Amino acid sequence: MKTEPRLDVRLFKEVEGFTLDVSWQMSNELAVLFGYSGSGKSMTMRIIAGLVKADAGRVVLDGEVLLDTHERRCAPPQARQFGYVGQDLALFPHLNVAANIAYGLKGVSKDEQHVRVGKLLELFHLIGLGKRWPRELSGGQQQRVALARALAREPKALLLDEPFSSLDMPLKNELWDVIREVREKFRIPILLVTHDPFDARTMADRIIVYRAGRVVRSGPPGEVLRQPGSPEIDTLLSGWKESTAGIA
Amino acid sequence: MSVLFPLRLSLQVAVCATVVTLLLGIPLAYILARKRFKGRELLDLFLTIPMVLPPVVTGYFLVLLIGRNGVLGKAVFALTGHELSLLFTWYAAVIASFVVSFPFMIKTARASMEAVDQELVNASYMLGHSETQTALRVVIPLSARGIIAGATLAFARAMGEFGATIMVAGNIPGKTDTMPLAIFSQSSGGTWGAALWMVLVLVVVSGAVMYVSNRLGRRATPA
Amino acid sequence: MQRTLFRRTLPVALAFALLAILAFALVACGSSASTTTSGAVTTSAPSTTAPVGVSTTASPSTTAAPTTSAVVQPLLVSAASSLKAAFNEIGKAFDQANNAKTTFNFDASGTLQKQIEGGAPVDVFASAAPTQVNNLLKESLVDQASVKVFASNEIVLVVPAGSKLGITSFQDLAKANVKKIATGDPAVAPHGKAAIEILTKLNLLTDVKPKLIYAANASQTLDYVTRGEVDAAILFATDAKAGGDKVQVVATSDPSWHSPIAYVMAVVSASKVKTLGQAFVDYVAGSDGQAILAKHGFLSPPATSPSTSTT
């Protein structure tokens, strides 16, 4: 059954010898941008977020045109209604956990803020940590605060840039569960960037395979893995075979 | 005429100069630190050159600028019909102190603001905050240490200002004799002992400022 | 490629520029002008004629000791600022006639006195009042025998040219629209001390004192009023004359309103060229010197001798 695309992306950018030239779509699902480091995945995400400028392109979210270089339309990152968690989380060190989470809640009364933050603390298993400082938290807790902060605004879509890198297995497991919960509770499109095939396979409803600034495959994991050819897919494939072989 | 007048005047001048330094310095440091535009480094040079210029040279230019027949003096007269009568007043002392101490604040504040992680700024944008809101809620709070260190240095410099002050404010007892000027007068007049207490006050103030500034500088800048 | 080339040459270029500036500064200092600006006590280098012992073409060999007039002798004269124009002219004439090189140090008489007390290597001292010379006499820092009264002056009230404040007399200084009045610091400048005496005599001191701006010396007093930074100034008639058409004399003080003005010179006791110093004193007191002084507006010396003046 075909569903309407929620996010439509067409981008072109040339910088220091690297050319990004991609075109893909995703619906209300968890899509993974997968590829080797330096293939343009993070750059794509930052252009979608509005933090980096494209030379040419078009980005449409839920029917709203965020970027259209032809029509000279470029919405600032503030207006794009994405939840964004960068690779280094970027929690504000001078604000406590509750203040971090509430940061995106503008024009909301203090009481209402308190209520929403409380709900998010509960949702992300951070109860009692509201008054702590980010540096006092464990890695996993910091991840969850970053997610809670991004989702506090009830964004239309969630962008996660390499959330799993520099995490060891137990934390990765934790994070997979949290993201699945987010998927269930918020039901918004999630775009996730990773270079780890295992993470890609575990999370994805759709895999968009990047290679040297271009998209070579885009589709549900099963479909993508059936196509041989590029080294990236082979990597995915080999891992898949291993993991399925190991299942009792 | 009170013996404590130079102390009161010096504090008054230095506080006023530092307040102006903060009001102008924080926005200018932000612009220099985080905005890109043609002539940015030229602006930085212009704002910080009084730091290396001999104070009397700064004083010379200030007289040319704010004297009754100076560039600004003539402009003010042409526009408003009022004469610019700043020289030989304590306002001139504030202006002189401000101009020479401002670079200290700008340099430290700019460095602090440049050090704020761009990812934090991006996160703020992604959470719906405009550039100004981000400046106020993220960049400036995280640069607070550098701003305070800069303001402290500026204050000390303003307290000790002599060369430019004597040119624009003169050394009028009971009106514009700040402590450095009064020390000079006393020692020129041969009454070295009378200047000693002022010397000690300035040494103590300078020492305290240096200590605070070092303490603030030694702690690691926030991520 | 171009970038690295630029990066390498720029520091080198800067280094050369700095060296050039340094060299230029050294050259400029070495051949310093014969007059110095007020406040600085400098000794000038001897001018560029052959030093003793080195033979040059055409000039007769000089094996005599340095005190002979064949060698140009340096002389350092500390003089009151109001004497600047006149003494510069006198200096040139004196140097020609005596094969000397006179350097002047102009500042307020009191400031110059302090410098001599502090051991400054001055040969002759010319003050705008007897007080400073008397002080040095008490400390045996000048030679009694050389003391000479050589000129007098008047005190005038001036305003910047084109002033519309309607100041026509000393009394007008008390008017509300007169805000700033320049004169010398009475502690060190005789014209400032005279100004205070005048204002006291005319019962104006309480009203006018808050408006007084003290300049370091007569030159600075004149500067303040020519630049229009002050509404009026009380200074010597000779300085007003030096101000030309930038200032306007509106009143002259009656001599009875202040202590008699007497310019006094003396040879400093510690001088190494007393003969030359005395020659300078004699020149100033002589007909040539007096003529030049008169040309610049100075009056002849008063009849009273310096030791009877008030401190």
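A, B and C label the chains in the order they appear, each numbered from 1.
Note that in this section a residue touches a chain if its C-beta (ideal position, glycine included) is under 8 Å from a C-beta of that chain, and two chains touch if they have at least 3 such contacts.
Small disclaimer: the values here were computed from a predicted structure and weren't measured.
The chain closest to the protein's centre is B, with centres computed as averages of CA atoms. Taking each chain's centre as the mean of its C-alpha atoms, the one that lies farthest from the centre of chain B is A.
If you average the Cα atoms of chain A and of chain B, the two centres end up 47 Å apart.
Here the spacing of chain A and chain C, counted between their Cα centres, is 81 Å.
Between the Cα centres of chain B and chain C there is a gap of 36 Å. On the chain B side of its complex with chain C, the touching residues are 67-69, 85, 87-88, 170-173, 188-190.
Contact residues on chain C toward chain B in their complex (touch as defined above): 111, 114, 117, 179-180, 187-188, 212-215, 227-230. Listing the residues of chain B that touch chain A in their complex gives 117, 119-120, 122-130, 137-138, 141-142, 222-223. Note for the complex: chain A touches chain B at residues 49-51, 76-78, 80, 82-84, 86, 88, 90, 92-94, 103-104, 106, 149-150, 153.
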